[in-house]
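In what follows, subunit A forms one complex with subunit B and a second complex with subunit C.
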Partner chain A sequence: MSRALVLHLGLIAVLFAAAFLLPAYHHGNLARIMVLAVYAMGYNILFGYAGLLSLGHAMFFAAGMYGMGLTVRYWDWPMILALPFGTLAAAALALLVAVLALRTAGVAFMIVTLMFSQAGFLVILYFNPITRGDEGFVIPQAARRLAGLDLSDPMNRYLAALVLFSVVLLACHRLVLSRLGRVLVAIRENEERARLLGYDVWAHKLGAVVLSGSVAGAAGAAYGALFGSVGASFAEVPFSILPLLYVLAGGAGTVIGPFVGTAFMFYLRDLAGTVTDAHMLVAGAALIALTLFARRGLMGLVRARWAGWLP
Partner chain B sequence: MSLLLTEGLGRRFGGLEAVRDVDLALREGEVRALIGPNGAGKTTLVSMLCGRIAASSGRIHFAGREVTRLPAHRRIRMGMAYTFQITSIFAELTVRENVRLAVQRVADDAALELRVAETLACVGLEGRADQRAGDLAYGHQRLVEVAMGLGQAPRLLILDEPTQGLSDGEVAGFVALIRAVARETTVLLIEHNIDVVMALADRITVLNFGRVIAEGAPAEIRADPVVQEAYLGG
Partner chain C sequence: MTKSATSKVGRRAVLAGLGAAAAMPGLTRYVQAQSSEPIRIGFQVHRTGIGAAYGRWYDRTSKAAVKVINAAGGINGRPIELVTEDDGTDPKRGAEVVEKFATAHRADVVFGTLFSHVVIGSAPRAGELKLPYFVVSEGHHVASGMLNRYTLQPGITDVKSQVQAMAPFVADNLGKKVAMIFPDFAFGHDHRDFFSAAIAKQGGEVVAKIAIPPTESSFTKYFARIPRDTEVLYHVMVGPAVLTFVKEMGEFFGASRPEIFGFLDSLEAVDLATPGLEFLDGTYFWEGNPRYAQADQSAHDKFFREAVGVDANGASVSDAKDVSTYSHMFGCWETLHVIKAGMEAAGYQGPADRAKLIEAIEAMGPMAESRAHPQGAKRFNGKTHQTFGHQFISQVEGGRLVLRHRTSIEDTLYPDEVDYTTRPL
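So, the complex of A and B:
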């Protein structure tokens, strides 16, 4: 077994043990962090490996959330169908956006994804009678059941989040060590060279956007199901910036970085909130410090200093 | 039968005709050198062949198929490999990862690492396999570039000034390497070092102002007064 696999399985084991050891407050936090880390891992596939910076991932998160939420609310779909449907909805949206947005690159790609995401947010508000976008709606407790388990129960919720997190973490591990993962890195590092090694750059980028959007959508669907609320605020611009911050803080292009970054930013904000109302000021200062002293994020720093094998 | 054939190939950049009306036929297995003064259109010509830039006029056939409108990656998949004049490698990755990216398209999992090691040994970089490619000396980076070309096991290997910046010893090694490669591969070589050209080429095509001004065996080209005037300096 490789060191990387030991590390990733070790993290899953620690998180599993934490389910039974943590006090209620941190238990709840960690469940949320795991789901948000899935969102960040999805983002990392596109940004960290394929090198495409999207400012619109909230639309994929929201597509997953609403794909799940609307089918539950209006058609009483069980979670076992609603969750995959949300993920599929995000995948379909990602495919559409990718076909259009990949006609651009660099800054233009950032702006186009931002605009699409903003359009998605406005669509949710426009159909307010259906989406309840402005104030959001609650997924009733009776609907939050999966395989006979009540997802509103803290322990079930934590374990469900852990299952999703583990699957995505191990899938990312496989992906980045695969041929496909190497080609994505090649495209990030030197697009023309990759093309002239015979790789279809456009098709790989398309695949990366769809995969990244699907994982973000799965996170969105799970978030709605586990925490019980669906609303347009999850489609707003700040929610597109969050995974970028998580990934930058934790280390873009590392498998474990998105989790580390999500936990770091989550608790930084949490701790700062106990000291001052201006908690975003602390977050900003931390980001500046990271930019100055650990440009590649926390795990990027670890990889550069101590663990070159880190995937 | 020709592996590569161009008919009336041309490229305009605004008012400048960088390449015009080039008819080129490469026989399978030959080593063809493409020479000419700076700005003669050599890189533009080979860039059209591999699809990096589009042709303004004319046609390109490769391996029995017209490829004029085919995107670069499709032509590469048909068996072309192109090494850049201005070194273009994955600087942040290790030498081994660079070569692996070239090899993995043509080798299955079982053969992959062995083929990577063989390719590295071929250019003499096996001792530097785990160094970051961007940290290598310039001459070694050129060899990474060549290794990525070889690693694809191409039918046609296009080398754009591969010996530029290499030391004399490295040039001698390179000549030996291409001799070995040429037994199985057709090579199109852009080269300024006339000794390398004379040592390797079966035939030479001379380009000047975007046109082919002469083509023939090395001895004929050496004796051609038009070539001497244009390029060899009389």
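So, the complex of A and C:
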């Protein structure tokens, strides 16, 4: 068993133990952090490994959330169907966006994804009679059951978040060590050279966008199911910036970095908010400090200094 | 012998027990909790984000209410301690803040949320945590049955009751052919749907429903869609483009305008003397509570203004340019007084009594106009968890709002859409 696999399994074991040891407040926070970290891991597939900077990932998160929420709200679908449907909805949207957005690159790709995301947000508002627009809607507690478990129960919620987080973490670990993952890194490092080597760059990028969007969608569906509400604010531009911050803080192109970054930014926001209203100023200062002193993020720094084997 | 020995041991045990009890901080704390430990009220406030202007005044009003309540002996003799957290006017952070109040701050109850999307994002967590959650939002979400047994709105009326209560005045005094301009999101759609139904009952009709996209910054092209035979223009706009909206409306209509009726949500925290708003002179507004002290101002409103630090023009006594959100902020004051009354009725001692508190508030009915309810009398509906009260219609006259009509509470009532009391605690 490789050191990297031991590390990732160790993290899962620590998080499992934490379910029984943490006080209620941090227990709840960690459940939320794990789901948001899944969102960030999805983002990291595209940004950290394929080198494509999207400013519109909130549309995939929201597609998953609304795909799950609307089927529960209008058709009383059980979670066992609604959660995968949300993920599929995000995958389909990602495929559509990828086909169009991958005609561009660099800054243009950022702008096109931003515009698509804004269009997605406006679609939610436009279909207000169905989506309840900006207000959103509540997923009734009775509908939040999976395999007989009440997802609104703190322990069930935590363990459900842990299962999703573990599956995505190990899948990402597997992905980056696979041929596909290595080709994505090759494209990130030198797209022309990858093409010259005979790889279909466009198809690999397409796959990366769809995979990344699907994981973001799974996070969105899970977030709505675990925390009980669906809303358009999860489709707004700031929610597209969050996974970028999480990944930059934790370390782009590291499997464990998105979790570290999400936890770091979550608690930074939480603690700063108790000291000052200008909590975003504190977050900004922390990001500037990271940019100056740990340009590759926290886990990027660890990899550069102490653990070159870190995937 | 046996008796003596038993007696000796017993005396020692009693003494040791008393000594240990005196040294046990936990027990001391428990005893104190019954007498003087503060009631911790979590205040979820929009300090940042789009709701910051409201949040600033909700904060001032709540602190003033706590000061008044504490000066009068607190709740059951215990002072209120307000624990404040900023939710950034963001539903995601709102839910996190509710969890923080419950598990980190150990708050007894939470109150204060205004924006509907934040309420809807936060309320499910409050329900799961069985944490009484008092919103000051005026959204119809509580009374619609969307939320849960632990979420209540006892201090401010909801948009459905406000809007329907306007229809009789509009139809009788301004006209029966109404064109509506509203923002194209849930808040605007509530106005569209509730008012359309209400004006139809008065024999009127909505001749145009013009939705403004939320990202819009220029409005003239929308005014061109208003039918020529419109007698009343009903507008409810929010956000930073309000001033542009009013200015362009003035340029479009000039002197030949229809009657204009709006909701003051458009101009909360905005000085009516702001250049560009002159066009509003002679138009009508709904107010939740008259911003300008009226000639027949009640003693309770006078007391409320002084306690919060608001002058007769609805601005801060320390800065005349700092205009309050007077149509909404009384809701914080009244909600805190309802919490006090509910806790006292329930004999509230601590979190174990939260269910009793909910039941005590559900049992409340009429609330008389008083220092606790300076906006006016209320009628709380325990089944729908929503309060009902008077609404005000004012006319702009010389840059001031002058009260023209005060609705009855009956004008605001509608059939129950939910009975929360049937849901488990």
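Going forward, the second predicted complex is superposed on the first by the 311 of 311 C-alpha atoms of A that agree within 3 Å, B and C clash if a C-alpha of one lies under 4 Å from a C-alpha of the other, contacts with A are read in each partner's own complex, and residues count from 1 in each chain.
Assume contacts are C-beta pairs under 8 Å (C-beta built on N, C-alpha and C of every residue); 3 or more make two chains touch, one makes a residue touch a chain.
Quick caveat, the model's predicted, so the values are computed rather than measured.
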Which superposed partner A:Leu197 touches (first subunit B, second subunit C, both, neither): first
Touched partner set for A:Ala186, first subunit B, second subunit C, both or neither: first
Partner chain(s) touched by A:Arg174 [first = subunit B, second = subunit C, both, neither]: neither
Contacts of A:Gly231 with subunit B and subunit C, given as first, second, both or neither: second
Subunit B or subunit C, by number of subunit A residues touched: C
Subunit B versus subunit C as contact partner of A:Gln141, first or second or both or neither: second
Doubly contacted residues of subunit A, that is, touched by subunit B and again by subunit C: none
Subunit A-facing residues of subunit C, complex: 47-48, 85-86, 90-93, 95-96, 99-100, 102-104, 116-117, 120-121, 123-125, 127-128, 139, 141, 146-148, 184-187, 189, 213-215
Subunit B partner contacts - residues on subunit A that touch it in the complex: 179, 182-183, 185-186, 189-190, 192-201
Complex interface listing, subunit B residues touching subunit A: 50, 52, 71-73, 76-77, 82, 84, 88-93, 97, 100-102, 104-105, 148, 152
Complex interface listing, subunit A residues touching subunit C: 23-25, 27-29, 32, 122, 125-126, 128-129, 132-139, 141, 152, 227-229, 231-234, 239, 269-270, 273-274, 277, 279-280
